[in-house]
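Okay, structure first, notes after.
Chain IDs A, B, C and D follow the sequence of writing; residue 1 opens each chain.
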Amino acid sequence: MLLNYIGAFLLIVFGLYIILVKKNLIKIVVGMSLLDTGINLLLVSVGFRPGGTAPLFMNDLKPGSFFVDPVPQALTLTSIVIGACVTALALSLVIKVKEHYGTIDADKVRRLNG
Amino acid sequence: MFNRLIEKSRAKSPWIYHVNSGSCNGCDIELVALLGPRYDCERLGIKLAGSPRHADIVVVTGPITSQSKDRVLRVLSQVPEPKVVVSLGSCPMSCNVFKGSYSVEGPLDKWTHVDVSVGGCAPKPEAIIDGLIKAIEILKEKRGLNNV
Amino acid sequence: MDILVYIFNILIFPGFLFCFFFGLLLSGIDRKLVARMQRRIGPPVFQPFYDFFKLIGKGHIIPRGAAKKTFMLAPIIGLLGVVIISMFIPIFGYVFIPRTADMIVILYLLTVPAVALILGGSSSGSPYSGVGISREMVTMLSYELPLVIILLAVGSKVGHSLGEIGNVTFSLSKVAEYQSKNGMLICSLSMIPAAIAFLLCIPAEVGTVPFDVAEAETEICEGPLVEYSGKYLALYKLMSAIKMFIMGSLFVALFFGGTGFGTGIKFLPLNTLLMMILVIITISISVSFLRAIVARIKVEHTLKFFWTVPTALAFVSLILTYVTTL
Amino acid sequence: MNGYSSILPLMAIMLPFLAAFIIALTGNKALGLKRVLAVIFTFIPLLAVILLFKPIIENGHIVSYWLGNWVPEKTWAIGIGLEIDAFGLFCGLIITLTCFLSSIFSIRYMEKDNGLEKYYTMFMLLTASMIGFVFTGDLFNMYVMLEIMTFAAIGLTAFRNHKYKSIEAGFKYIVIGSLGSSLILLGTVLIYAQAHTLNIAQISAILHGNYNAVTIFALALMLTGYAVKAFLVPCHTWPADAHMSAPSSISMLLSGVMSKTGIFGIIRILYMIYRSKCVAAPSMEFLMIFWGTITMLIGASMAIIQTDFKRLLAFSSVSQIGYVIVGFGVGLSAKTSVAVTGTMGGLYHMLNHAMFKSLAFLCAGAVLYRTGTTDTTKLGGLAKKMPYTTVLFMISLASIAGMPPFNGFVSKWLIYQSTFEAGYWPVTIIALLVSVMTLAYFIKLAQSVFFGKIHKEHENIKEIPWSMRVPMIVLAAVCIFAGTFWNVISDKLIEPAAYAIYNIQGYIDVMFNKGYAQNMFNHEIPIPKMTRAMAGYWSPINWLLLFVVLIIGFIVIASLLSKGNKKESIIDLSDTKYDTFTGGEKEYFSHMAGNDLFWGLKHQFRGYFKTLKNAHSGIVNDYVLWVAACAAVVTIYLFAVL
C-alpha cells in the first residue's frame, strides 16, 4: 500500500515539475495528464482494503469476505473521464496555438501579458 | 428682478481673456501689471480667465499676423455673448511699425468689430484701466437676457 | 409638519439657500483676504455673487464635440452632492437628518463633486480637460489617503472613550457628543497633527492654489472647466464655493465640536453664527493664507506631498491616540 | 415542505443539461429556435429559483433531495444529495438571473459568429453546472460540476478561435484551471480518506473534533483550488486573459458569476466543513482578510495600467473579489456582531459585483459589437452615438465606485465598518483607497471610450439593438434598487443567506434526522443573531427623499432663472463657435485616452507598476508556479497556526 502512495506522490510531483519547468506546450499537457493520473492512483488507493474483493454481488460470494470501498472506484472512473477531456481539449488548443503563433514554446506564447 | 440683478452683476464682474496676435509682449506685460498690487484691477472685479468660454472682454494685443489671424478670429467666435472686444496698444489699431510687412494682415477692425481701442506703445496701465471701464460701459449697454 | 421642516431644512437652512449665500460669501472673504495679504485692495466681498449672477445671465455654448446630456447634467449632480453633505454635518451636535451623519458617507459624498467635475470635463471633449481630469483624479487619490487616516484617528480617539465596537466610531454626532462632554478635540495633544493634516487637505479638496494643478488656468485653461460657459460654469463655481464651506464646517465639526452654546435647536442661530465664524477662521488659515504665499506645485509632487507629510501627520495622530489609550 | 419544492432544484439543474444535449444533437439546424430554446431553458431555472423562495426564504426550510431516492442508510449518506439552503439559493438567484440576461444578450450579440450550436451547447452546460454546483450537497459532485463549468468556460473562452487571444487565453485557462481543479480533487480525496463519505453535511459532522494533519492539508489544497476559481491573488492571472478574449456575454458570466462559485466553495469549506477550526479563529480571519486585501490592491493596481476595456474590467473583478473575501474573512471573527456585519457585507458585495460587473461587461460587449474593438486607445466619443450604453455604463461606474445611492456603496460600507470594528483598520484604509482607485480606472474607461473625440471610422455607428439593451437595463435597475432599498434586499436575501451560512446544524439535520448534528457535535452550534441594526447609519429612504426634494427645488430655481430665455435660435454646428477650444487652433483630432491618463500617479509609483507589469509575464509556467507557491504558502501557514 505504501508503494501506491509513494507512486501517487511521485506522479503528482513529476507532473507539477513538468508543468513548471518544461516550455513545450505539449509537454505541459503531458504534465497535467500525469498529475491527474497521480491523483487517480491516490483515489483508488484510498478505497483499497487489504484482502477485499471487487465490489460485485455474485452468487459465489464467500461468507466473511468483504469488499474494497466501491465509491473511490466510481470517483476514479469519473476523474479519468474528466482527465481525458482535459487532455483532449488542451491538445486541441495546442494545435490552434501552433496555427496562430507558429510555435508551441511557452516563452513565445505570451502576447497577453501585463 | 433677476434681469436687473444680472445686469448689475455684469458690470461688476468682467472677466477678461487675453489674446496675443503677434505682439512684442510690451502690452502683455502692461496688462499683467494691472493685476499686481499697484493697479490692482481685481477691485473692479476683473479677473483673467483661462478660457475664452469664460470671458466677457477679449483683449487683443499685437498686429494681426497672417499666422494668427484665423486663430484670433476663431477664439473671438468662441466667446459667448455678450462680449466686448478691446484692442490694446497701437498694433491692433494701426499695425504700428509693422505696417506694410508681408506677414501682417492689417488692423484688427478690418476683420472684426472692435468696441474699444486703447492706444499707446505700450499703453500705460491707467489707460488700460480706462479702456476696460469703457468696455464695461459697453457691456452694460448689451443689456438683458434677450441678447444671449 | 415633519415633512415641511424637512423641506425647509433641505431648501433653506442648512441646505440650498444657506449654502449658496454662505459659500459664496466665504469665497468672497477668501478673495478679499488674499488680496489684502498681497497688499491689494481686492474685490468687494460680494464679488462671487456678482460673478455668479453674471454667469447665470451670460450665454452658454455647448461645443460640438461634447456629450451634451452629461455635459449639462454633471454640474447639477455635483451641486446636489455638496448641498446634501451640508445636511449631514452637525452644527455643534445638532444634526438635521438624524442617524445619517457618518464620516464614510461624507467621505463618499465628497467625491461626488469631484466626480461631477471629472465627468463634466470628460464629456466636453477637449484635450485640455482630458489633462485636467487626469490631474484631478490623481489629486483626489492623493488627498483621500490622509483624509481617511485623519477620520480614522478621530474615530478611534472618540471610539476608545465611548467604548464602541472595535474602539472606532465613524458617527459624526458621536464625535460631537464626545466633544461636548470632554472639550474640543483640538485641545488634546494627539489630535493636533491630524488637525494640521486636515488643514492641508482642505486646499486640495477645494482646488485652490498649491494643489489646483487640475484647474490651472495658466497652463491648461482651467482644465475640466475649459468648455463650460454661462450658467453651467456658474454652477461649478457655486459648487466649489460650497465645497469650501463644507470642508470648513467639517473641520469645525471634527475638531471644535463641543464649543457651542448648549445643544439643541434653541440656540441654533447663535450656534450657527459661531460655526460660521469658526469656518471663516479655518478657511482663512488653510486656504487663503496658503494661497497667498505658495505657488502651484506639479501633480506628481502633489501626490508625493500628500502621501508623505499629511499622511505621516495623520499616522502620528493615530499612533498617539493608541498610545494614550493603552 | 411541499412536494413540488423538492423537485424544483433537480429541474433547475437537469433541464439546462437536457437543453445542452438537445442543442448538441440537432447540429446547426434551426439556429433561431435554439436561441429561443436557450432563453427558455435559462428562464426555467430562474423560475425554479424564484419558486423556491417561498419554502426557503419565507418558511426558513432547507430543501433537500436525494438523487435516485438513495436516502441515507442508518444515518450514513450513500447517495448524491441536493441541498439548498438560503445561501445556495442566493447564489442560485445570482447565477440564474445573470445567465438568463446573458442568453437574451447573446441573441443579437452572437449573430455574426458561426458555430452557434456549439456556443449554445456550452452555454447551457455552463448554466447547468453552475446551478448544480451551488445546489449540490456532495463534495465530489461539486468537483464534477466545477470541471464541467471549467470546460464549458474554456470552450467559450476559445470560442472565437480565429483570434489569437482567445486561443492563448483558453490554453492558459485550461492549464491553471485544471491545476486548480486537481488541487480541489486532491483535497476531496484526502477528506474522503478521513471521513469516508462525500456528503458535505456528514463530513462537517464527522470532521468536527477529528481534525488531523491530513484534513488540514486538504483544507489548504481546497482553499487554494477554490482561490484559483475565485481568482484571488496570486491565482488571478487567468481571468484577465479569459475575460478579455471571451465573448462579452460569456465574460459577464465568467466574472460576474463563476468567481462567485469559487467563493461559494471557499465559504462552504470554511464555514461548514471546517466550522470549528475556522469560525472564530483569529488566524483564519487574518489569512482571509490579508488575502482579500492583497487581492483588492493588486487587482486595482493592475487595472489602472490596462488599456484594453475588457482586460481592465477583468482586473477590476479581481479587485472586487478581494472586497468579498475581506467581508467573509471578517465573518470568521470571534466577535459575533462584527462577524455578521462582515458576512452580510460580503454577501451583499457578491450580489452587487455580479450586477455591476455584468453590466460593465455588457457595455464592453456593446462597444465591441458596434466598433469591433475594445482597445481603449482606438476608441473615443461613443457617448454621442450610443447614449443608452453610456448612461448604463455611468450607472455601473457609480455603482462600482460606491457612489451613494448606488448599490456598491452599501456593500462596501458594510465591509469597511466590519473591518474597522474587527480591529483591522489598515484594511479599512486600503479598502477606501482601492475604492478611489476603482473610480480612477473607471473614469479612465469613461474618458477614453465614451467621451472625447470620436474616431473617423466610428462616425456612422448606431446604438445597439433593444434585445441587447434590455438585459443591461435590467441589471442597471437592480443596481439602483439594491442601493436605494437595501432594507428590502437585506431582509429578503442577505439576512437569510447569512443565517444559512452559520446555520450548519440545520443544514446537517435536514439531510439526516433531527438531532444528528447535536449528537455529533455534543453541543448546540451557536448561530449569531442576524440583525442589520448595527450596520451603520445609512438610511436610503431619507436620502432618496432628500435627492428628490433637491431636484425639485433645483428645477424650480432653474425655471425661475431661465425665464425669458426660451428663444432658441437656429444653431449652426459648423460655426467655429462650437469648436473645441484648443488655443485658437483649427479643430483637429486630439483625444486623451488609455494610458495618457493618470500620468502623475504612474510616474510617482513607476517602480511599483513596472514590477507588477513585469510579474504578469504571460508565460504559463510562471503562472503555474504562482499557484503552486500559493498552495505551499497556505499549507505552511495553516500547519503553523492550526
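Throughout what follows, a contact is a pair of C-beta atoms (placed from the backbone, for glycine too) under 8 Å apart; a residue touches a chain by one contact, two chains touch by 3 or more.
Predicted model only: the values in this text are computed from it and were never measured.
Set against the C-alpha centre of chain A, every other chain centre is closer than that of B. Compare each chain's C-alpha centroid with the centroid of every protein C-alpha atom shown, and the nearest one belongs to D. Ranked by C-beta contact pairs, the top interface belongs to chains C-D.
As a whole-number value, the distance joining the C-alpha centres of chain B and chain D reads 58 Å.
One inter-chain figure worth recording: chain A and chain B are separated by 82 Å, centre to centre, where each centre is the mean of the chain's CA atoms. Rounded to whole angstrom units, the spacing between the C-alpha centres of chain B and chain C is 35. Multi-chain contact residues of chain B, defined as those touching 2 or more other chains: 2-3, 51, 53, 78, 145, 148. Contact with two or more other chains is made by residues 56, 61, 128, 221, 226-227 of chain C. Not a single residue position of chain A touches two or more of the other chains. Pairwise, the chains that make contact are A-D, B-C, B-D, C-D.
Residues 2-3, 5-10, 12-13, 15, 36-37, 40, 42-45, 47-51, 53-54, 56, 78, 80-82, 145, 148 of chain B are the ones touching chain C in the complex.
Across the complex, chain C meets chain D through its residues 6-7, 10-11, 15-16, 56, 61-65, 67-70, 76, 79-80, 83-84, 87, 97, 99-102, 104-105, 107-109, 111-112, 115, 118-119, 122-128, 130-131, 133-135, 137-138, 140-141, 144-145, 148-149, 152, 155-156, 164-168, 170-171, 221, 226-227, 231, 298-300, 302-304.
Remark: chain D residues 140, 144, 147, 151, 154-155, 158, 161, 164-165, 167-172, 174-175, 178-179, 181-182, 185-186, 189, 192-193, 196, 198, 240-241, 244-245, 305-306, 311, 613-614, 616-621, 624-625, 628 touch chain A in the complex.
Of all residues in chain B, only 2-3, 19, 51-53, 68, 70-75, 77-78, 145-146, 148 touch chain D in the complex they form. The touching residues of chain D, counted against chain B in their complex, run 560-561, 563-565, 567, 575-577, 579, 581, 583-586.
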